[in-house]
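Each of the next two complexes has subunit A plus one more chain, namely subunit B in the first and subunit C in the second.
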Partner chain A sequence: MSDALSDDGSDINQDDSQDVMTPAELIAKLEEAWLNEKFSPELLENKSEVVECVMEQLTHMESNLQRVKKGDAKASFHRMEIDRIRFVLSSYLRSRLQKIEKFFPHVLEREKSRVEGQPSLLSPEEFAFAKEYYTNTETYLKAVALKRMPLNLQTVDLLKAVPEPCLDSFVFLRVKEKQENILVEPETDDQREYIVDLEEGSQHLMRYRTVAPLVSNGAVQLI
Partner chain B sequence: MFCEKAMEMIRELHRMSDGQLPAFNEDGLRQVLQEMEALYEQNQADVNEAKSFGRSDLIPSIKLRHCCLLRNQRCITAYLYDRLLRIRALRWEYGSVLPANVRFHMSAEEVQWFGQYKKSLASFMRSLGEGEGLDITQDIKPPKSLYIQVRCLKDHGEFEIEDGTVILLKKNSQHFLPRWKCEQLIRQGVLEHVVS
Partner chain C sequence: MDPSEVEFLAEKELVKIIPNFSLDKIFLIGGDLGPFNPGLSVDVPLWLALNLKQRQKCRILPPDWMDVEKLEEMRALERKEDAFTPVPSLYYMEITKLLLNHASDNIPKADEIRTLVKDIWDTRIAKLRLSADSFINQQEAHAQLDNLTLMEINTTREFLLDSLNFMFKLRSNLQPGSSKGQLTDY
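For the complex of A and B:
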């Protein structure tokens, strides 16, 4: 994968591996993952492959820039491009980390109940972080208050104490692949459930829960 | 009334707007813990009595005390946890070294928690991209322009930018610097973004 990326964002070259991606495609992938992650209430599957490729790409671009002589106008365009990509990448990783911190017991619980072979939500680094965060927070609460409480109250079930992501919140989305027969749950008692078709390119406002599977398989894009 | 102190601690946090960190209420915590101990002891005694003499009339008050115990526990953990979240936010705002006035308001255990959090975050950022590392506490806002006009608010000494040029950050001097280089310094209050 490593060499499949050209170095300055222009069009691209070859590699022997199967999943060759142009830098433009890669950045589009990153942006897609970024927007989905930013707008979905729950943590999505990790895209560590994309993250790694983008990091590599950035390093390439940086080192290319080193060679450019001072005062070259082209250099500053590239510099700007690097800054933009780095912002998107950081923002993506940040919003994931925020969700991990916010929902850490639930994230870890899901990781635990994951069946072998199923892709993990967390990248190995994120998993390590989540575990440390859990232990750290638990130890802290124990040391400061819980162990000084009466015997039957010395534990707190963090899974119950920390709120779960609200999957019923509404999200804006754009349809990338036509979907038929999406079942929309009723919102009030006098409403009945109904079925909608999502046309390609159309935009909707729906409950996240309804479209969650479509977000994870890439059929719709959160906006 | 039971649980009053615990509620007061919650309110105290709530009153501090926009994530400010008030001093750790060690005294309040102790009082709540004392109240819990008293409630617990009374309950123990009543439970024993109810059991051995079959006094079912005691059960409502046992239940009430137990609810108060649970509520106290919940309030205290909420108090502590909310403070942790505020401290966490400070890490993102100020970087890994907190200003003294903030540290002054933290308890020893909070400092410890913060140290550990810092470490976890640092090792997470270091491990990104196969060990190259990426500081994701930078680039908080989308970049608008490459260079920005900044004014120095205090003497900071020499500062090296990308291409090896060293500039002297003196108080009240103005510079035209790469944005991503000075983001951290702006948040630390060394530089100020001059918007013309």
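For the complex of A and C:
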């Protein structure tokens, strides 16, 4: 057995000294981001740092595996693990792209109104994708329909034409850090608003709007 | 979420196996495993255990809770209580299914266990349906769902959440002057 596989790539985040993470923690972060993205109605902030680190780990491991003889038992374990991580990673990225396609005008609008220094929702690649998607949709609408319309009906405001993410959707969540005094808005006019405490480890069903900030700061996990 | 994705998450759970080969410690990205020695039990994630089992390289030891007596107790408790009782594993259903499908020769009294777990599952799902029904009837805005597992949530997720969204939209359009939740989505 060559030593190639004994190097578990723990050199991760060397360039990012403030926040040292083991590869296992990194994978856990990716899985959290994956589930949150899958279940939240809106596009969440991009985790390109995590994505890049995971990619790095995978390429590192794959290049090690290249040097290993065929039929090595250890190599097959590693390959299986790589496949599993790759699955989570692509599922995560795919669910983000789906949301970008669904909400592209709003996503781009948020990007436009973003103040300098505020983190962007989109990774540079996703931003390029969203812009291109916007242009292509517009061109397509023009080519097939709009240019045959009367002159005063030839423009379409995509921001109004494409539905916004529905933040009032209900979500299931598990609490990772205890939260007090979460205000629950009433469903109907004859009910009153009330306050709940979210205990660590407890699970809840409530509106996404109420917990959106807690999702983005990692205090709760969508399930 | 697709049930197969919940199963994917369940495959991360650790199980004990008794390998029939020897191998040094291996350093996976997600953590170290091994060393493997013939006859000595070692913890591995379920995905690896099943793979080794299929290649006839190990015997899988059932988790502690996968035991007829313990499951009978659980079933009795689950039927007695109105609330969801704590489960031995967040992925009890998936683990049972995977182990019984791929390693039933390593599980003593496999058929009884299959029936017991199915009974527990059915009782819990019935409770879940009841509570979903009262949640909607009372027009609640918040519910606490401790001890419910991901697979259980997943059986009702789409139907329940979509219905709630629709009802919310219909209701908020009934209240004059309310601009939230207009029927713009879809």
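Definition applied: the second predicted complex is superposed on the first by the 207 of 223 C-alpha atoms of A that agree within 3 Å, B and C clash if a C-alpha of one lies under 4 Å from a C-alpha of the other, contacts with A are read in each partner's own complex, and residues count from 1 in each chain.
The rule we apply is simple: contacts are C-beta pairs under 8 Å (C-beta built on N, C-alpha and C of every residue); 3 or more make two chains touch, one makes a residue touch a chain.
Bear in mind the structure is a predicted one, so any value in this text is a computation, not a measurement.
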- Answer with clash or fit: subunit B and subunit C placed together on subunit A by superposition. fit
- Query: After superposition on the shared chain, which partner residues are touched by A:Lys178: those of subunit B (first), subunit C (second), both, or neither?
  - Reply: neither
- Query: Does the superposition put A:Arg114 against subunit B (first), subunit C (second), both, or neither?
  - Reply: neither
- Query: When the two structures are overlaid on chain A, which partner does A:Phe87 contact: first (subunit B), second (subunit C), both, or neither?
  - Reply: both
- Quick one: classify A:Pro163 as touching subunit B (first), subunit C (second), both or neither. second
- First, second, both or neither for A:Pro23, with subunit B first and subunit C second: second
- For subunit B relative to subunit C post-fit, closest CA-CA distance rounded to the angstrom comes to 6
- Could you list which residues of subunit A make contact with subunit B in one structure and with subunit C in the other? 80, 84, 87, 91
- Sites on subunit B touched by subunit A in the complex: 29, 33, 36-37, 39-40, 69-70, 73-74, 76-77, 80-81, 84, 88, 107, 109-110, 112-113, 116-117, 119-121, 123-124, 127-130, 132, 134-136, 138-139, 141-143, 146, 163, 178-180
- Note on the structure: Per the touch rule, the subunit A residues reaching subunit B in their complex are 51-52, 55-56, 59, 70, 76, 79-80, 83-84, 86-87, 89-91, 93-94, 97, 101, 125-126, 128-129, 132-133, 136-137, 140-141, 143-146, 148-150, 152-153, 156, 161
- Message: List the residues on subunit A that touch subunit C in their complex, please.
- Response: 1, 5-9, 23-24, 27, 31, 38-39, 57-58, 61, 73-74, 77-78, 80-82, 84-85, 87, 91, 163-164, 166, 168-172, 184-189, 191, 196, 201-207, 223
- Interface with subunit A, subunit C side, in the complex: residues 1, 5, 8-9, 11, 21, 23-24, 26-33, 47-48, 51, 135, 139-148, 150, 153, 157, 160-161, 164-165, 168, 171, 175, 180-181, 184-186
